[in-house]
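Presented sequentially are two complexes of chain A, the first with chain B as partner and the second with chain C.
On to the complex of A and B.
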């Protein structure tokens, strides 16, 4: 998975470089937790980068270290080649949108937005103009005199965004910015955040545990686990060619099965899975005998009553779950392996197979993605 | 508040509030009314009052030109001013001691925080007079303080029966009343707000002035009021640590009732003390910007 993202030529367009970042916390019980375990990351100018991972993977620690609220035990942070080691948070040209928004309850929206300008002693007239612009940017021009308490969750979030953007930071850090919003608003804000990032031309670094959010908004995603970055790349590449079974399972729905490469030929590879079935894959640089994890996305499996020209697996339909646009079909192979397939739910299309009945799972060898075997 | 309460809820409310209201009426409003009436009556020969209008107790303090029998004496005004000065000093000293301490305590791990809060309230378990006597043992010329100063090779300090001793005593007695409301306000302050301020480019001083101070103002105000009122009227500390040299209005009132047996004059002084506290409180509350948006 080593891609151009980490190649030397990418250094030329690095805004912030994280090198070997390490941070260990002591729990109250006295055990050590490695929140950051050697993180390397190049953040490029004007990109929308998402740090994605389950809770406790270190993504928030990394964000806070960039903001300056956490010290690193080891490694470096460099802004355009200059070390940030001795730069306190208030001297870093970054601004944060906090998860709780952290709006000042005793100031109205205007004064919240103007806070950073006041701290920087921006002259009165310019301050007023920039506050107006920032409020207009997030569509809150009419509500400038409201206190945070008098604003809805979505409006508070916009104030928090305006308060950060008004300072024209080099880097905007957003900590789970949409987690407090309800589903409809969250989806609208995903698009809006992306548009906003385009408009203002500022680098956004967003922390989230929501893979759908990450896929929707990001130029690049860094998938994190246990203090490390497992994979870094554009959403499409992360989705289609995950680096390992953890990434495959965390991003999107997937069938992942452990096995071994049985044979490699010019046409592709034959994989025998531990659960007693075989898959045909395209040749992907694994040698015979090597342990691999094979991934199949459910939407790339086709269900049919007959085996076709290509490879197919025979299975029993165990359950059919209606999930809206699609029908999710749970299948069981003779050897006991469970697979899920998506059956597009269109008018006039073939109905989903009956529960308890037999079905053939057809797939393209190109749809089988092989990954390094992970524990 | 929306709409009128239903008759049933109103009856329930009256029933719940009755014991408290009766208690306040019997033990607070009635005695206060008695004092107000006594303050304008004629002193009885052996204490008590005679039922004849006689407002000259006020004249002695305020200088109303009524004095045939009781003459205006500026000493009473001086005593009031001294009481005010020492009470304000006590407020300032306890505030300066407790504000940083409150921040320190609020950042302790929960178990140690509970311990510190327990220690702060510990003095309430011992009698006030005993505790103030302990300070006499510390401050008197041959006391603990001077012994320690002697060991350190420093000159002895003669603090006993001085205003300093009274302020030390008042601060010691009233410290918890300043600490607890301050701590409550500081603990409610969301650390994320301080981080947000730093993140937005504000230095420590700007953050303090614009975020920490306004958001903890209710606690500061509460602590100041809770310390000021008892400090202004206190007489135990002044009589033990200040002696005859530092007479406060509280001692004066005590004297009028117990020694001079001039109940109306004592009552008039008490009324003036009450009026002074009320005026200061009203000024303070009105002039302090209302911290809206602070929960």
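On to the complex of A and C.
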């Protein structure tokens, strides 16, 4: 298993290092917004890294700072140890796929793709060959003579991708690359982007607010909020062991409840939740009396008519929502706490409990994830 | 179509026709007069003639000696040539200045920007007489001889504003993202300007230049103040003719000017259409 420590010192391999990046914007009303509030990040060669967060979290500012379109107020950017401070965007070996694609409307697809090669004064024959290759890579060989407005959204997106990749950048920056596509195409492109990254062997840094997209494509995800990176790691780890309640709620569906560690034993910990119920967790380094947030993923809750051998909570079924492969069951504990559970919808399986009826929520202590209490 | 809406529709239609009539009837009359043979009263139709046009170009006419006042076509041709020279020079300078200013204002943030913007638009709203007097006072005070040079300078003062406004309007619809994309792909500032910015603003620049050309050709008041004795432009020349009495030739000259403006405007539209 590869190391995915957050600290820049932890691993030697680094393509681009972001250290202590700060950027403050002034709003028109005159108040200051910290778009980047001390960001440290180590981008590794050939990885697919996603910057994930809600709008305004600073992810796009970070991407633009790497591309060179935003200056930092503080901190450093280093490409393989060399500072990028005085390097203007057109001298950085990075290419960007813009959210709006920013294709040149007066040039056809071939000339859009060849633009960077022209700027680099690549000889004619090589330029033509590389443009052909890039268009073939994204499956648009037949449409090279079309202007952007004669292409569909998905085709424009591919031209933008080919235009960036043809220059063989050290780093490919993608700003919400799939947000303008409809759902079906977006899901196909997620897989395709991942495959493409594998084929060309270029480091991808993708900005997105779509957690599903991040989980599907990434080697590592950096979850951002309010100008900071809250957690950095592979998708599985982000999903299973989020750093705090914000990450837990932003990535995937979750039940998060605030509480306190009541007791710790060799077999695990007992947590008393503020909403008046108890959870059994595996011992995870918290001391008795410490404030924690406990997370339970809905798919790890099992509904039954009887309590089983393990821990269980008694609840009332408030609502049953059909969401396709699963049935989402909304439950209410006697103390007022609301929980959601997922009930797999399979032929022959036990039908979901009736609305208004009683149910027992069974769980394994290993499914209870404890996090530092967040304000 | 409902019955109740019918009278309103009728009234609106009538209003539209009346509006167009007020707008274009005088011009249609001038067109008719320019072909009227009546020497004494051009408002009474006496028969078709091309004599007024022939007279302008110094061709043989059947008119009495005192019927026309272009005694020699020399003065008219000279004035027309002056106008074209002034318009071309002033258009060239003001298009470059106006476009560069619009780009700077659209792409950069700096202190007192709104103030600069107001100052740039000011020459358009300033009364022509004020601008004319101010330019005259300035040129005389600076010890310059009034002539084509001062007219070109004077025209640039307000034409640059028109170009600025037209190009700014074009830029307002364009984000900086295409220029960022160009820089991102490794193009330096000059390449970006040549290959991305200029092709994008070209329709605005062409529109601004045509507007500047027509306004320069047309300007009377400001030019009247800053023209020297030997540097009469066409509008100033025509105005001088009018003071010696309204004679039918003026109609023919007006029609030729109108035709010229149509050609300019049509060229502009054709160029825009061709870009699509």
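Note that the second predicted complex is superposed on the first by the 366 of 375 C-alpha atoms of A that agree within 3 Å, B and C clash if a C-alpha of one lies under 4 Å from a C-alpha of the other, contacts with A are read in each partner's own complex, and residues count from 1 in each chain.
Here, contacts are C-beta pairs under 8 Å (C-beta built on N, C-alpha and C of every residue); 3 or more make two chains touch, one makes a residue touch a chain.
Note that the coordinates shown come from a computational prediction; the quantities given were computed from them, not determined experimentally.
Per the definitions stated earlier, placing chain B and chain C onto a shared chain A by superposition produces a clash between them. Touch counts on chain A: comparing chain C and chain B, the chain ahead is B. Look at A:104: by the touch rule set out above, it reaches both chain B and chain C. In the superposed pair of complexes, A:354 makes contact with neither chain B nor chain C. Judged by the touch definition given at the top, the superposed model places A:115 against both chain B and chain C.
When the two structures are aligned on the shared chain, A:149 is found in touch with chain B, with no touch to chain C. When the two structures are aligned on the shared chain, A:67 is found in touch with chain B and with chain C.
Touched by chain B in one complex and by chain C in the other are residues 67-69, 88-91, 94-96, 98, 100, 102-106, 115-116, 119-120, 163-164, 167 of chain A. Of all residues in chain A, those touching chain B in their complex are 28, 67-69, 88-91, 94-96, 98, 100, 102-107, 115-116, 118-120, 147-149, 163-164, 167.
Contact residues of chain A toward chain C in the complex are 67-69, 88-91, 94-96, 98, 100, 102-106, 115-116, 119-120, 163-164, 167. In the complex of the two chains, the chain C residues touching chain A come out as 175, 177-178, 180-189, 191-192, 195-196, 199-200. Listed in rising order, the residues of chain B touching chain A in the complex are 109, 190, 192-193, 195-203, 206, 210-211, 214-215, 291-295.
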